Amino acid sequence: MLRLDGITKIYKVGAFGGRTMTAVDDVSFDLRPGEVVSLIGESGSGKTTIGRMILGLTSPSGGSITLDGARVTPGKAYYRHVQGVFQDPFSCYNPVFKVDRVLQMIKNEYFPGVAASEWEGRITESLKEVRLNPGQVLGKYPHQLSGGQLQRLLIARALLLDLRFLVADEITSMLDASTRIDVLNLLADLKSRGLGVLFVTHDLSLGNYISERAVVLYRGQVVESGPTEMVFGNPLHPYTIKLLSSVPQLTTKWDGASATLRDDGPAAPSTLVEAEPGHLVRQDDAPTRLRSVS
Amino acid sequence: MTAVPARRHEGLYFAIRNGKLLAGLVVLVPLIVLAVAGPMFVEGDPNAYVGIPASSPSAEHWFGTTMFGQDIFAQFLYGMRVTFVVGLLGGGLAAIIGMVIGFTAGYRGGLVDEVLNMLTNIVLVLPALAVLLIVNAYLGIRSVGVQALFIGLTSWPWAARAIRAQTFSLRSRDFVDLARLSGVRTWKIIVREIAPNMSSYLFMTFILLFGGSILIAASLDFIGLGPSQGVSLGLMLNNAARWSALHLGMWWWFVPPGAGITAIVGALYVTNVGLDEVFNPKLREL
Amino acid sequence: MTLRVDDLRVHYRTLRGEVKAIDGVTFDVGDGEILGLAGESGCGKTTLGKSLIRMDGRMRLAGGAAELDGEELPIGDDHRMNPFRFTKVSIIPQYSMSAMNPTRRIGRMVAELLRSRGRQLDTDELGRRLDLVELPREVLQRYPIELSGGMKQRMVMVISTLLDPSLLIADEITSALDVSTQKAVARTLVEFRDRGFVRSMIFITHDISLTYQIADTIMVMYAGKLAEKAPAGVIVGEPRHPYTRLLISSLPEVGVRYTDRRLAGIPGEPPSLLDPPAGCRFRDRCPLAFDKCAEEPPVVEVEPGHHVACWKA
């Protein structure tokens, strides 16, 4: 189990780091094998920073991340089990090399002793799992492939390892609707194989589609978390309610109330309260800060 | 696009089909051959007084003679060799220092970056030529190697800054993160992931440093701080200028060294553009 | 009828040949109508929007014509288009965040822009419109860099509709915004139309559910051609073209439980527009394709206001 406990990230900003900016504020949740957790937030919510901290690409300012109870140290041993896929597939590939390089890197670092023929078999195997045809993707340059193909190939890369947890940071936001759903379904396949997936997204409908549990972030804080059907079916925090009412849907049109155009004020001190079993909601003065939408 | 042959030879495949690269090499290679092998075919000292002073090109003296009757063709061959050596050593040294400092500062960031940046800025504002003058005059060392060393040690800062800026922007790209997630070590990420993305840029940096070294060397030669023996293209140019070759219409004195420097730097530039097209798969297909 | 586009063909010049980004598209936009232009990347929707106001250097008008308020719109002639831009046709570009001159105070920039069109700045009207988008009137005294992304977006919306153009083209203006801001911006566009700041609008987006919220009519494009055009409710509720159907059925929805049910994407990829195949362009990905699809299906009005280009529709 991957557990985040009171994770905080404070950035120094301004000249000489005189001022600080809290990007992530005391965030705790855990990710179990065989489930997808959606980390939902808008820009500036800290969702990407949390993903990067789990992957050891950014170090937390406070709190702890543990894997099976042991504090995480980013490095080869950890990356064997925990991997990431990012938003922009084109930026994940070195443009001057062929796409095979991301797979070759895994072999060089983790399986130098494996014979070439066996390695080829493993690649074919993991490409099959992400439903890619080896002949269509291997030996190509990144710009010759589509975003969907590139994202699948990155998932295939992670599958070459002894993968247990995957951080998927906005991996579908640059894909077209018709290919987006295929990548989501792929994550669901991984889940049924026992992998734990952290699905970072700003798109509530995608989070709703794929996850067992959802964590809603607002300005670095968890405002609501719990089983997906509770968070989406019975949202309690005003921010969650506002988000849900803003999502464009195909079945219903937006209601008459106009959403505000203005930004909301800074967060006030508050605590998470359990509203129903497993469903946590932040109690604060939010109702006055966020103008009511209903 | 025609079918691409075996993977390993792909670079070569595109290289031999690239007009710019070929044109650059067509100029560059003969010049290098000339500089390396040429002096072997010229007997004696290129500064010896062998002919009638100030005579125009003839069968005997292909490029004519100087005001003092020195054979300009012989000087040109020797001078080209010295010029290549100074450019290669000075430019090469500056490029290496610039790369090490630029990559380290750009990739590491933070305190390391600030310290290295300070060092870079200090060297950048040193009046390089004045320092060279003083050091050269004090130590009185007049060999080509030492001249190249001094040039190399003082001309790297702008290269370091440029490389730092490039590294800084490449470092935030996701493929660097992905390499980190693959357990690749830092220096390997720099050399194998970041550097290839700016290979043509690095080459261009080297070309500019190369040309810069040649020009600084020429300036030093001019004020009498060049190598005490021998000849260089810079020395030839400045001799020509000092003895008013232009006013006397002795074009054969200054055209060969001037054309030589221009050809070397120009050909390197064209080669660079060609290499960019070969190495950048995106440019290839257009 | 505000806008009438007839058999529009726009090609992109590339070193590998001409990309037929728009290949014969005919449609019209009525008075007070918001037309939602939807489709996947590369379907030609952005090119269509751009071609109606300003072609960039690589674009070429290969055929067709456009008519605005009964007057010919000289879209292929950059110079003759000039009097129409900003006054009759206006655009809110995709990256409107960077559309403002950074060295001018906003108020001065607006005044200069209007003067270049021979108009006087109506300060009261400008103020009223700023109030409408909830921007303080002091923004006119500020430089663009002092505004947040969302504020700049709203400022550009106000500026581009200041002369009450007949046609406003809004190109993916909400795709960089958060959901709550997205809703507010989309709502504001509708309000602009309701108040008559713009006569009609083409709202370009890849997100059909968003288009559905504000558009009267939705036009779905595929590979440079019109696939289906119908009132928004019809497109979403009773789509006829297989592409529209598959596209809509691939969208997950909030408020629906997907415990065991999986949605399906559309296998395959759109054809290259460098040398598009003959016949229906969706044929290779279409589950309903049959022999006849080797012929190009004409755009047929199956019901009043419902146009489909499919043999099976």
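As written, the chains take the letters A, B and C, and residue 1 is the first residue of each chain.
By our rule, a residue touches a chain if its C-beta (ideal position, glycine included) is under 8 Å from a C-beta of that chain, and two chains touch if they have at least 3 such contacts.
Bear in mind the structure is a predicted one, so any value in this text is a computation, not a measurement.
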Where chain B and chain C overlap in contact partners, by chain label: A
Higher-contact pair (C-beta pairs counted), A-B versus A-C: A-C
Farthest chain (mean CA position) relative to chain A: B
For chain B paired with chain C, centre-to-centre distance based on mean C-alpha positions, whole Å: 52
Centroid distance [mean C-alpha coordinates] between chain B and chain A, Å: 48
Chain A and chain C: spacing of chain centres that average the CA atoms, whole Å: 31
Where chain B touches two or more other chains, by residue: none
Chain A to chain C touching residues, read off their complex: 42-43, 146, 176-182, 184-185, 188, 202-206, 208-210, 229, 232-233, 242-244, 246-251, 253-254, 258-263
Contacting residues of chain C [partner chain A, same complex]: 40-41, 133-134, 148, 150, 154, 178-188, 206-210, 212-213, 236, 246-248, 250-258, 262-266, 269
Complex contacts: residues of chain B adjacent to chain A: 7, 173-175, 177-184, 193, 196-197, 199, 279-282
Parts of chain A lying in touch with chain B, wherever the complex brings them together: 55-57, 75-76, 79, 83-84, 86-88, 91-97, 102, 105-106, 108-110, 139, 141, 143, 154
